[in-house]
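Dropping a structure here in structure tokens format, bear with me for questions.
Labels A, B and C are assigned to the chains in the order they are written; within every chain, residues are numbered from 1.
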Amino acid sequence: MSLERPAAASTPRPWRLGRTAALVAVLLAAVVLAVGLGSVTIPPAEVLGALGRGVTSLWTGAALSPEDTIVWQLRLPRVAMGVLVGACLAVCGAAFQGVFRNPLADPYLLGVASGAGLGATVAIVAGWPRPLVPVVALAAALGAVSLTLALAREGRRLPPTRLILAGVVVGSVLSAVSTFLILRGEDRARQVLAYTLGDLGFSGWGDLATVLPYALAGGGVLLALGRALDTLGLGDLTARSLGVPVERLRLLVVLAASVATAAAVAYVGIIGFVGLVVPHVVRLAWGAGHRVLLPISALAGGTLLVLADLLARTTPLSQVGVVTTLLGGPFFLWLLRRGGHE
Amino acid sequence: MSSPVTGTGTLEARDLHVRAGSFPAVRGVTAAFREGEFCAVIGPNGAGKSTLLRALLGLTSPQAGEVRLLGRSLPEWTRAERARTLAYLAQGEGLPEAARVRDVVALGRGAGDWAWGLIPRRPWTAEDEAAVERALERTDTAHFAERRVSELSGGERQRVSLARALAAQPRFLLLDEPTNHLDLAYGLDIIRHARCEAAGGLGVVAVLHDLNLAARADRLVLLHRGQVLAQGTPAGVLTPAHLHAAYRLRVRVLHDGDRPLILPED
Amino acid sequence: MKTLPAKTALAASLLALLPAAAATTYPLTLTDDLGRKVTLKAEPRRIVSMLPSTSETLCAIGACDKLVGVDDYSDFPQQVQRLPKLGGLYDPKVEQIVALKPDLVLVSKYGKLEAPLTQAGLTVVAVNPETYDEVFSKTLTLGRIVNRETQAKNLVLNMRREIAKVEILTKNAARKPTAYFEIDPTPYSIGPNSFMGVLLTKAGARNIIPASLGDFPKVDPELIVKANPELMLGLSRQQAAARPGWSGLRAVKTGRVIELPKELRTILSRPGPRLPQALRGLAQLVHPELFR
């Protein structure tokens, strides 16, 4: 409340450099920790050696010992996937909360998760080869969002309320179909459930390479739209009076976020609460401007998911989706209560 | 009815017909608003005031007639030019609760100039900064510029919105019921700021419900069922006959100097 | 020749453990696997079985003709295939079950069948063999319930005898391979104390999953890479090789990654009278050299 203007105010981006540096440090620490720890104990020196041998094996083609394989081909891509997916979900969540002006919006709002869930269920219950499961899930996720958009469309407009309602309907219907299929194919129910709860267990370099372009494209578009998203906070009419093509913006955000989320969900399953909670926390500490909120959410989301996955693979909770939901749920309630006092 | 003044410095509606949804809310309005003038648009609920304002801003396309801004038909203006020239304070404008006041005001700058309307093309400059600073000062919001919107009162929020609109340094400012939900002091405060800006050369058009606040405007346009019932000086428009025709209400009009004072009769 | 006396001795000792076989006396009161006390007034003559393993056991002890209906998944022996199918664990056809007027319904302790059927006035017993030992004890229980005690005891004896035949081979195997058994690609595996885990050990493999992880643990792929098993069961070599870091594992390189034949998969998941066949099938995969 001081009348003096802090130095940061002269720039339109309050980065809060101290906090940002701290967050980056925590992310790096989380990555180091997550590569170093796991269900198999490998001493730190060995981990470093394994990384070196992993890199050199790229061109020498030398066979790796089981320990080296664990570090280089299991943990490292798994941790990288955690960072990528966490970042993706958090950015998409923040963008959705902004574009729908709804604090409860999350990346799954428009049926992406239910679509991916249905695709995976079909593939698993039908007994299709495992590598096909994410491909089908990705297609179904994009299909579900398209369906939501088609249902919500009003001429050339996409009214947010209709979008949210259409998303809820599409989500429920697709989930019901999934449940029906699971019950028909009883013996594979657990496989479907494990997928649905989200898991990074088999994320290899190949999966990472598949998800990366979607995440970069979707996330990149969202990051570029930060300032335009800010104007939406003033309401559609005001944003339009400022010269922002609101319908185009909304469509672009929905498409970009859906593409990124669909890829993430298809390859690692439905990880809850990251996209919902992370933007709220970042808003508390960094403020509401999307040009800061989006990139910081990416860092925070990546950090959170890497730590959650570390917890998942070193404790009996075993599924990262279980960890995020178990921690995220109560935390979100706490945030809500805290917000209520302000 | 006076014929509209054409040429530079006006925002005019010419025989404007606009629908709100399927309802013909504005039916043949001709009116001109000048730079340096504070003009209030009054009329009962459903008279078409807000729709007229949106049409003047180009946010709603008219069915017939046209809007001319500074002598050029509005559709000929690019989105960027329009956003620089016309500023709008919507009825019950939302504000991002978690945002700082300064950042909200800064949103008034530069938009419309962007690539595809979405991505800023140029960096933030000292000129932008100065415009924000000026807007904060002119609206008496500079002293809480670093606070978050969620900490502000209703009157303070409205001044922040005003600052946001002024930050664009527009030539016309269109306000839709800016005094709604404000107490007497804050309502007057907004009107005082609007008058002050008009005195500084800005064209101010405000939709107002409170006729006694509207009486402080330079000129009034009284709308009734989508048409202009009367326009001119407050004393010329706020007559018992006009008000009875528009509101179906018997009123007494007192005079405080040359400013009329409206008293509804039971 | 050496093995014969051992087998006889084993059979004799097993016989001694069993109570004297006799006809069941009704009313019979027992505590079922849901912990409920149930009284059977007379020998059941119209039985509905809602578990495939129970259907198999009933038929194996000569009570097949008592069955009037089974669940969707009961498919063995052939006689049960023409019986009315009454749904699965999650979607049982309660009305159809009631309409069949059974005097006994054998259900799984999972699912929600017990309450509505009991309310409809039917006699319901929950029987779930889950561990290796329970396969035998529940067979005897079923024998008592349907008045086929002698047959049940004989069945148990036969099963033990068949199991012993396999075990004698595998126990003396020169080398027991370390093995990873995948029950689904999440991946879930089996602990050594689970029904299938016991069979895997008896088949002459060394399970890489420690008992501490539980009976049906979700396994971190790291553990499997670290253990580097010589044999993998339950998935294809192609599947295994496609997983990150698995292509260099011993089993993948030597081609000892074996998908289970459908028939074997089915009987492995059914703790019933075909347990010895399941064990033999598994042992042949683990130690093909012993069964040439």
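In this section, a residue touches a chain if its C-beta (ideal position, glycine included) is under 8 Å from a C-beta of that chain, and two chains touch if they have at least 3 such contacts.
On a predicted model such as this, the values are computed, not experimentally measured, just so you know.
The chain occupying the central position, as judged from C-alpha centroids, is A. Taking the mean of C-alpha positions as each chain's centre, the chain lying farthest from the centre of chain B is C. Ranked by the number of C-beta pairs in contact, the top chain pair here is A-B. Per-chain Cα centroids separate chain A from chain C by 42 Å.
Centroids built from CA atoms put chain B at 42 Å from chain A. With centres defined as mean CA coordinates, chain C is found 80 Å away from chain B.
In chain A, no residue touches two or more other chains.
Within the complex formed with chain A, the residues of chain B that make contact are 54, 57, 59, 79-80, 82-83, 86-90, 93-100, 102-104, 106-108, 111-114, 116-120, 124, 128-129, 143-148, 150, 161, 164, 168. In the complex of the two chains, the chain A residues touching chain C come out as 38-40, 63-64, 66-67, 69-70, 72-75, 77, 129-131, 183, 186-188, 190-191, 194-195, 199, 201-207, 313, 318-319. Residues 1-3, 5-6, 9-12, 14, 101, 224-225, 227-228, 230-231, 233-235, 237-245, 248-249, 252, 283-284, 287-289, 342 of chain A touch chain B in their complex.
Contact residues of chain C toward chain A in the complex are 73, 88-91, 184-188, 218, 220-223, 225-226, 228, 239, 242-245, 248-249, 269.
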